[in-house]
Every structure is written in C-alpha cells, then in structure tokens.
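Take a look at these structures.
You will see chain A twice below: alongside chain B first, and alongside chain C after that.
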Partner chain A sequence: MTIIAETASRAPPAVAAKKVSDKTLWLLAPGLLWMLLFLVVPMLMMVYVSFWTQTTFKISPILTVQSWVTFFTSETYLSALWTTVRIWLIVLVTTLLVGYPAALYVGLFVRNKTTQTVLLVFCVIPFWTSFLIRVLAWRPMLGKEGAINLILQALGIINTPIEVLLFSELSVIIGMTQIYCVFMVGPIAFMMGRIDQSVIEAAQDMGAGFWRIFRTIILPLTMPGVVVGAIFVSVMVLGEFATAAALSGRKVNLLGNIIVTQVGSLKWAFAAVVGVVLTILMGIVVAALLRVVDLRKAL
Partner chain B sequence: MSAVLDLSNVRKTYGALNALDGLDLTLPDNAYVALLGPSGSGKTTLLRVIAGFETPDAGSLTFKGNRIEGVAPHRRDIGFVFQNFALFPHLSVAKNIAFGLEHRDIDPVTDPKILHTRVKDMVALVGLDGLEERAVTQISGGQRQRVALARTLITEPSLVLLDEPLGALDANLRGRMRLELRAIRERCGVTFLHVTGSESEALAMGDLVLVLDQGKIAQAADADTVYNQPKSPAVARFLNCYNLFDGTLSGNGFVNPLATFPLGGAIPRQSGQPGYAIRYDRIAVRPLDEAVANDEVRLEATFVADEYSGAAINSFFALDDGRVFEVESHLSQTVPAALQPQSRYALVWKRDDALVYA
Partner chain C sequence: MNSSGTKFALGVYTSLFLVFLYAPMVVLGILSFQTGPEGGPQFPIIEWSTYWYQHLFGFTPPSRIAPLPINEALFRSLVLSVMTMIVSTVLGVSSAQAFRRKFRGSGVAFYLIVLGMMVPGVLVGLGMALVANVLGIDRHWWGTAFVLHVVYTYPFAFLVMLAILNRFDPSVEEAAWSLGVSPIRTFRKITFPLIFPGVLSAMLFAFTLSYDEFSRTLFASGRDLTLPLAIYGTFSVEVHPNVFAFGVLTTIFSFALLGVYAALMTLSIRRAKRIAIQEEA
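Then we have the complex of A and B:
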C-alpha cells in the first residue's frame, strides 16, 4: 500500500518537473546565448590575446608570457595598479560618507512619499547631462582661477590660490565622488524605505536612543543597500579612465588609462593583460562584498 | 485601586479631524483594560499619544504621578505592542526579546549572564521554549505575537499598550491568545490597555471596558454593565447586539417614523441623543394574529433570512423603512418555528426590556 502510494505520488511531480524545466530552458536561452556570445567568448578571447606575441606594430598568435612579465616587473604598471586600488578605496569611503546620511535623510526622515521622490530625482538630475561635461565642469570649479579659489580669496580666507584642487589626485577623488555618489544613495535609500516605521518606534518604545537604534536596527537592515551600492561604485571606479584623464592632468594613471593608451598605440596583447588583471580585481572585490551580506536572504 | 495613568482633556487634531476631542481617562493599576472603538474613533491616536509617538495639542498626561507630555517615548516606561508586531526582522527570537534590556538608554543590562537568565524567564513566561535561536521570520503568527509581548514585558513597564494585538491572528488562535494574554498579565501584575474593534473581545477580556466614540470615552465600566446598560445609543451600536431606533420621547411613548413604542416604568437615560434600543435576544417572533400582552411592544416586519451559529439562530427582518432588524433565538431555550421568507411577522418584546435614551 505504501509502495503504491509512493510511486503514485512520485510520478506526477516528475512529469511536472520536466515540463517546468523545458519552459525554464526556453526562457533562459536568449539570455544565456547573449551572455555566451558577448561576455564569455570575449573574455576568453581577451585572456587568449594576452598571451600573444607583440611586436611594435604587429600582433601574432604565437603564445608567450612576455606581456605578463612586462606588467608585473614594471614599476609604472604596478604603481598604476596600486593607484587604482587606492583611489577605488578612497572613493568607496567618500561616496559612503556622503551617500549614507543623504539616504538616511531621504529614506527615513522624510515621511512624505512625494517629497521623497522629488529629493531622489534631484540626486539624479545631474545625470541628464553628458558624463564628459559633468567631469569637465569641475575644471572651472576647482582651477587656480576657479570658482572655489576665487570665493575663498574674496572672503579673505586664503591669499594665494590652492593649487592642489585641480590636476591632482584630490580633484580626481572629488570628481568621482560627485559622479558615483548617487549609485550609493539609490540602493541605500531603497533599503531605508523598506524599514517599517513601527519597527523603529518599537525600538524607541523599548528605551533605545537614536544612535543605539541606528547601530542595532537601521545599519544592519540597510547593509544590503550598502553592499549593492558599493558593488556599483566599485565596478565603475575600477574601470574608470575619463575622470582621471580630464581632472588629473595626466598625473594619475589608472589601469583604465593604461588600457586606453595601449590600445591607442595598437599594443593589443598588453592591453589584454591589463584588462584581465582589472577583471580579476573586480571579480575579487564583488565576491568579497557579497560575502558581507547574503543578498538573496536580505532582498 | 490606585490610578497608573490619568489623561485629562486631551486633544489631538489632524487638519479638520478631531481624533481626540477633550478625552478624559483614568487607568487603574494592575488591571486588564479593554478599549473598544470602531475604526476611525481615534483609538490608535490615543495609544500613540500615550506611548509618546504623537504629541497631543492640549491636555495633560499623568503617569505614576508625573506629567509625561514632553517625555520622549523611550523614557516613558510604557510598553507598546504593535498591531503588526514590528519585530526586528534581522534578529533571532532571543535577541528580539533581549533588545530592550540590552539597548535601553536608562540602566541597560550589560552582563550577558543576567541577560540570558532574564530572556530565559521571559521565554518561559510567554511559552516560547525551544524557539530562542529561530529567526523571527521562521515562526508562526501566534509565536510572533508572543515574541512581541515578551519583548515589551521584559523591560518591566508599568503599563503595556496593545494595539489590536489579536487582529493579525486567525480565529482559532485568537480565542487561545485571549486567555493567554490575561494569564500573562496576571503573572506580571501590570496594567494592560488592550485596544480592539471587536466588542466580543473587549467584553471577554476587560476587567474594565472603555468605549471610545468620536474622540471621547463614551463609557467606562465593567463588561456586564457596558453590555446590559450601554450609556448612549452610540455605545449600544458598537456592542452589535441591539436594534436601535432614532426618534423622540413624547409623553409615555417613544415616537419614531415606524411606530410609537409605549414605554415601561423605567426612567429614560440621559445621553444627549434620544434613542430606543432593544437587545437581539429579548425579542419574540410571532404570527401576525397572535395577541399582545399589556406590557409588550409590537412591531411588524418582513422576514428575510436567518443564520445558524450552533447555539443560536439569528433571524434578519426588513422593517418597513428598509432597515434590518435582528433577532437572536438561543436554541437551548426555545426551538423557534421555521419562518417563511418574505412573510410578515410580529416582533414582540417587553416594554421594560428596552433601553430608552433621552
């Protein structure tokens, strides 16, 4: 009896599972095909090309590790790698420092939904202008005779213009923070909005002050937003080249800038090496960030 | 019994709406108080004002002898159990319960041993043994309710406010939690203010039943008094067991558009709003031609349908003005004759059974 019941109850789910898996396959196919053709294949190609032999103006498919050796023995390239990591970390921190309080305010302190939306739209408005214009607009702001220096001088706070504001690592960081901050604000504000107001009231009612509530309730509940924001910012900053090119006066060389130069001088194999290094770096960063929070559980 | 909380002339308006309209209220110490109010009567506002989440526009709140209008919610020593429980979704059952002790501003408990013991005691009190390490998303509705209660009780507040605490539970569980809540309160010896929109819940649970109507306490009495002697037609309406008539008192009768009901010997109650109320279960249904005694009132109506609920049958009649008139017959006393839908019957009750308001 038991056996009959078991086989009888097992058969239909198997059929159902097969049907579902057929459907799943068809739904997945376009996406998988796309990813395969335009993500996996190019990536494999990039790895492959990085082992090709590079002569001054020519590249030939004879396998060699020459480009890799050059990258890891050259002071210039290793320092570019270090600069990239350093600027990425600094920008990650600055976007978080600027973005989190903004998201906290918009998501939690503004109770009116319309005001909330309006404020978030304000964050996005700068994105209606082109990326390059947004970057270049920092020049008249930060320059020796730029707005900030002129104002500070007019107010008598400084006598000589602050030169470090433009064409330095600082200007790159300022520019990147402004450009990528919104990618931090968005996900965090979203998570803030999902916190039930009564949960915070409950914590209040149980005697906790604001900072306690922030540390024990708000911060843990918005961590997924921080992680998603950090992934956005990381991926974009690690691949950056335009801000550094426009605001550093060629003093700051990121891996992205090196790729641009190498491709410009037709050094494909070497550009591929840098590309692979950059991809691995991003992979490590994203994997590490995903370790912080179980996103599937949190969302 | 001494008073734990005293509200005097409390007002709170939202735009044109008077949520609380000069409300006076006194809660006794160590008692289960049920607050009955229909939706929109201001009951949630009242709780939020007491808890400190809303500031009243006027009036005074005295809690254990101290004025608390300006005191922040986390310094009031008043517990609040939210309707949706508002558990901390990222913390385990034990961490949820420990939260108040661990993180309160005043005198937090930092010794993990004491904390553990206190949590364990509280878990035992509300009957959550074995679930301490579960996530609050992995337990049932009734268990969540217990966590919410335990989390509030562990800080030992002198007053616990419960905002429709049983509203989110299914009917079966609701019945069990009623007894449970009363038992837990007795063990803690504090005052519970239980807000509900259900008259049966309010009557079953409250040592003292408060009825809230239009931002004021319309009646404060024990369950029996509220049920049998509602202070006004509005209170009678919330109780859901009275047929009500509007009209005017004239001589020895109550005049309303359908008929004039002769009055018995009782003196009409002063309520500010004239009305006539007769309880569902004090009415007899008779054929039209049956005689009426001297002390009875008779009204004709059309039978529509009835509803069987095991111990009783509720019959619904349409009055001549279209309103519904309800009769409840307890099957343990009489087995009523089968009624023909769309036929007319005489509804008869004793003059003295009716409540008359002037």
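Then we have the complex of A and C:
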C-alpha cells in the first residue's frame, strides 16, 4: 500500500507542478497578504513618519531630519538608548547564568523521560499566568516590607530592610530575569537532550573529569541552544517597557518607555524615530548572534 | 552522566530555580487574601479574608478604592481572543498546507510569516497606530488591535501545523484521491481528523497569546480597555490586593482552559487511534 503510494507520488510531480503551484498560491495568499498589510506596511510607515515634521500636537508630511537630530542630540534619548543596551546585556547574562545549570540538570542528568517532561512543564506553567500579573507579583516580593526583606530580617541576616530591591534598576533586572530565563532553558535543554550519551561515556572512560567534559563536549554542543535562547531573550528584552514601568518607579527609561510617553503626548514623529532606532538595534543584535553559530548547520 | 556530587548540586540548584520561578506568584496568591479595605498589598496578613475577591465582583460596600474596570474589559478580551483564534488558525492551517510542497520563494514566505512573532509589540503597535493616524482610521480593539493580534498569533499556529503536517503520511490522502474522492471531501474526512490535535494546539496558542497580549493592544486599540490594559492601568497608581485577587482568578481561568484542551486532546487522540485500527482491519 505505502509502496504503491510512494511510487505514485514520485511519478507525477513534473506533470502536477503547475497545478500545485496554483493551489499553493491560493493557500498562501491570505496569510502573506495579511502579513504585508499589517506587519510590513506599519513598519515601513514607521520609517516614513520618522522623517515627517513634528509640530506641538500634529505631524505633517513635510520631510525633515529634525526628529532624528533631536534624538541624537538629546541627553534623555541617548541615555535611554544606553540604558536599553545595558539592561539587555545584563539580562542576557543573568538569564544564561540562571538558566544554563537548570537546563544542564533537566536535559542531561535526568535520565527518566517522564521526570524530564514534568520538570520542563513546571518551567512553562508560569506562562499560563498573565505577563503583567507576573511582573506585578514582584512588587510584594521586593518591597521594603516585602517577602524577601521580611525573610532576611527574620533570619537575622540584615537589620534594616534593603531598600534598593524595589523601584530601582536591580528590580527591573530581577523581574526580567525571572520572566525570560525560561526562553533560555528550553532551547538549551533541547540541545542537551540531543547529545549522544556514548560520547560522554567515552570521555569518562578515558578519565576526563566533569569540567573537562563540560568544556570540550557539552558547552560546544549546546551553543546553538544558547544562541536561539539569546535571540528570544534579546528580542523580548529590547522591546520591553512594562517591567520597567511596573518595577522601576520611573527610574529606568528604556527605548520602549520613551515610545509610550511620546505616543501619549502625540509626538508621533519622535516615537517613530525611537521605533526605527530600536528596530535597527534589534537587527544588529540578531545578526550578530546568528554569526556566532551557523544555526542551519548546527540544527 | 553519573558524577553524583555534581548531579546532587545541580538538583538542588534546579529546585531553587523552580522556587525562583514560583515564589512571586505564591506570595501574590497569599496576599490576595489580605483583609480589606484597610489591608495593604504587603505582609503581615492582618486577617485572612476574601474581601478583595468580593471587591472585584462589586459585592463590597463602596470604599475609597475604585473597583477594577473588568466587566466590559473581560467581554472584549474574550471576543477578541476568539476572533483572533479563529482567523489565525484558519490562516495557519492553510499556509502550512501550502508548505507541504516545495515552491520557489518558500524561504521568503516562511520568514515573512515568522517575522510576525519576532517583531516586538511596541514596534508593530506603533506602526499600526501611525498607519491608522495617517489614513484617518479610528483605532479600535476589534479593528486595528485585532489585525495585530493575528499578526502575532498566526505564526505560532503556522509553526504548530507545520510540525504536525511534517509527520503526516500523505499516502492516506493520495489513496482517497486515487479512489476519486473530491479534494474538499478528502480534507474533511481524512486530513482534518488526522491534523485535529495540531489544530487544537494552534487554537490554544492563539487564544491564550491573544488573551494575554498587551503591548500591541496598548497602541492599536482606542479608548476601550481590554483586560491586560485594565491591569496595566494599575501600574501607575497604588496597587491594592484586588489586582492580586484578579491575578489569582485569571490564573485559575487559564488552567481551566488548559484542562479543556487536555480533555479534547485525549478524546481526539483516542478517536484517531480508533480510525487507525479500523483502517488496519
């Protein structure tokens, strides 16, 4: 039965090619059209409007680079750009440091498939809660009278509450690390699971210690996972503004926050400039990460 | 790997990691049972009560703390998620169906679709707001925000369906065609039942992502709030435990949804198995 079907399917493609491409087109057209109209056009519009003239409450289609000049000469905007890059780098490192050992344990040390799945499901469950609620949940944790300070005081580790925990850059970093580290754990654990156990066993038989095995086998083989995770985390952190809005007490202004305030005060052209800058930044970051590992070859 | 010392240390680490993931939600859950209206969003719990849950539903006497505007927001969010779910699943299934055959430009088409889930909400949201502004269209949750929700969820539906169709044995369909069954009937009777688990997953993805979607909605919807926007509104003001109570309720709702999904999934897998057995017999 399958043999017949296979030979049958192998024979006619040359004949059916034209007919199929027609069908393919009809199946594909609605989706692609949707993406063109509602994704590509808005993004291009953003680039276009960034060159419009901004007056107090209105924008008019007279082309100018005034908004761009304002962006690159303003202390506020440049410092927001720097803050965005800094927080992105820090969160990238913290998610990797926090996530990698967990992925190592789940992907390589847990040999029972069921336990492995259960552990991964436990990592994903928090995603079933609203993102904003999860951000907000850090407030009662980190506050001056928050859970962490209470516990530390009860244990006698500190006498006075640590105030820097909430409404600071630190709280934004803690919150983002918790929310995004799972995007690191997933891809890395996936690559761990694909490591051939016999390679590790061979290395052990030849007397290699854990660190040596980790450095020469595990780390290189899981690099594609790290890169995929880093791309996820980067794109999400760079486009962030809610965590900073909820946990920094307006002390941390990311490019995303700037866009929100500019739109709020109807400064569309400025917002568009910031949007284009953010897009370019993201493009550079993703391209650089893809340079590290050739994903097509590695996967 | 059997270096037991390392394994133990990593095991301990992983349990701490899970505590890190769950602790904030647990704390939030506990504090939602704070007494009201004088109890604040912090420890200690003055007295256990369900005051804030009653507050959410408007069962408490009016106090200085305004109730969350969730009634209409909930309705809008549900309608929006269902609309998004239907459209993005249909688009996802049809484009994944197209990708079963190699065609020229498939790489570009693939990246164009996947771009939708990669581009941050701030950027598409802003772009859409600008388009609406320039064209003089009013922004609404059922219009400009809805199309952006689909831009976001359709790639997920597409990828899920692509994974399912890759494992799918085309010979079953070809058998039906060779017996003279029309393509539409083949799709309904053969293809669809076999890909149904995938469709269900795509629907679940689309619904939950849309229900929780926030940054795109913030820019692209007009004055009317959806649920995430209502929560975002509390960020700038003092937080009261009613937001926590609401967080607990949405979490329960999401798990109920997951339960429905699991039940439907089990049923459809059982049915698929039954069909397979009949075919073999």
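Definition applied: the second predicted complex is superposed on the first by the 264 of 299 C-alpha atoms of A that agree within 3 Å, B and C clash if a C-alpha of one lies under 4 Å from a C-alpha of the other, contacts with A are read in each partner's own complex, and residues count from 1 in each chain.
Everything that follows uses one rule, which is that a contact is a pair of C-beta atoms (placed from the backbone, for glycine too) under 8 Å apart; a residue touches a chain by one contact, two chains touch by 3 or more.
Source: prediction; values computed, not measured.
**Student:** Per the contact definition in the header, classify A:D294: touching chain B only (first), chain C only (second), both, or neither.
**Tutor:** A:D294 sits against neither chain B nor chain C.
**Student:** Where does A:S130 make contact in the superposed view: on chain B (first), on chain C (second), on both, or on neither?
**Tutor:** A:S130: touches chain C, not chain B.
**Student:** Touching A:T216 in the superposition: chain B (first), chain C (second), both, neither?
**Tutor:** A:T216 sits against chain B, while chain C stays out of touch.
**Student:** Could you look at A:P30 and tell me whether it touches chain B, chain C, both or neither (first, second, both, neither)?
**Tutor:** Second partner only, chain C.
**Student:** Taking the superposition as given, does A:E163 touch the first partner, chain B, the second, chain C, both, or neither?
**Tutor:** In the superposition, A:E163 touches no partner, neither chain B nor chain C.
**Student:** For A:A203, select first, second, both or neither according to whether it touches chain B, chain C, the two together, or no partner.
**Tutor:** A:A203 contacts chain B only, not chain C.
**Student:** Who touches more of chain A, chain B or chain C?
**Tutor:** Higher number of touched chain A residues: C.
**Student:** In the overlaid three-chain picture, which partner chain does A:V235 touch, first (chain B) or second (chain C), both, or neither?
**Tutor:** Once the two structures are laid over each other on A, A:V235 reaches chain C alone.
**Student:** Once the shared chain is lined up, is A:M46 touching chain B (first), chain C (second), both, or neither of them?
**Tutor:** second
**Student:** Could you list which residues of chain A make contact with chain B in one structure and with chain C in the other?
**Tutor:** Common interface on chain A, chain B vs chain C: nothing in common.
**Student:** Going by the contact rule set out above, which residues of chain C touch chain A in the complex?
**Tutor:** Listed in rising order, the residues are 1, 3, 6-7, 10-11, 13-14, 17-18, 20-25, 27-28, 31, 41-43, 91-92, 94-95, 97-98, 101, 103, 109, 112-113, 115-116, 118-124, 126-131, 133-134, 147-148, 150-151, 154, 158, 169-171, 174-175, 178, 208, 212, 214-215, 218-219, 227-228, 231-232, 234-236, 239, 243-244, 246-247, 250-251, 254-255, 258.
**Student:** Which chain A residues qualify as touching chain C in the complex?
**Tutor:** Touch residues, chain A against chain C: 1-2, 5-6, 8-9, 20-21, 23-25, 27-28, 30-32, 34-46, 49, 59, 98-99, 101-102, 104-106, 108-109, 119, 122-123, 126, 128-134, 136-141, 143, 145-147, 150, 178, 181-182, 197, 200, 210, 235-236, 238-242, 245-246, 256, 259-260, 263, 268, 271-272, 275, 278-279, 282.
**Student:** Residue numbers of chain B touching chain A in their complex, please.
**Tutor:** 51-53, 72-75, 78-80, 82, 84, 86-90, 99-100, 103-106, 151-152, 155
**Student:** Flag every residue of chain A that touches chain B in the complex, lowest number first.
**Tutor:** 196, 198-199, 201-209, 212-213, 216-217, 220-221
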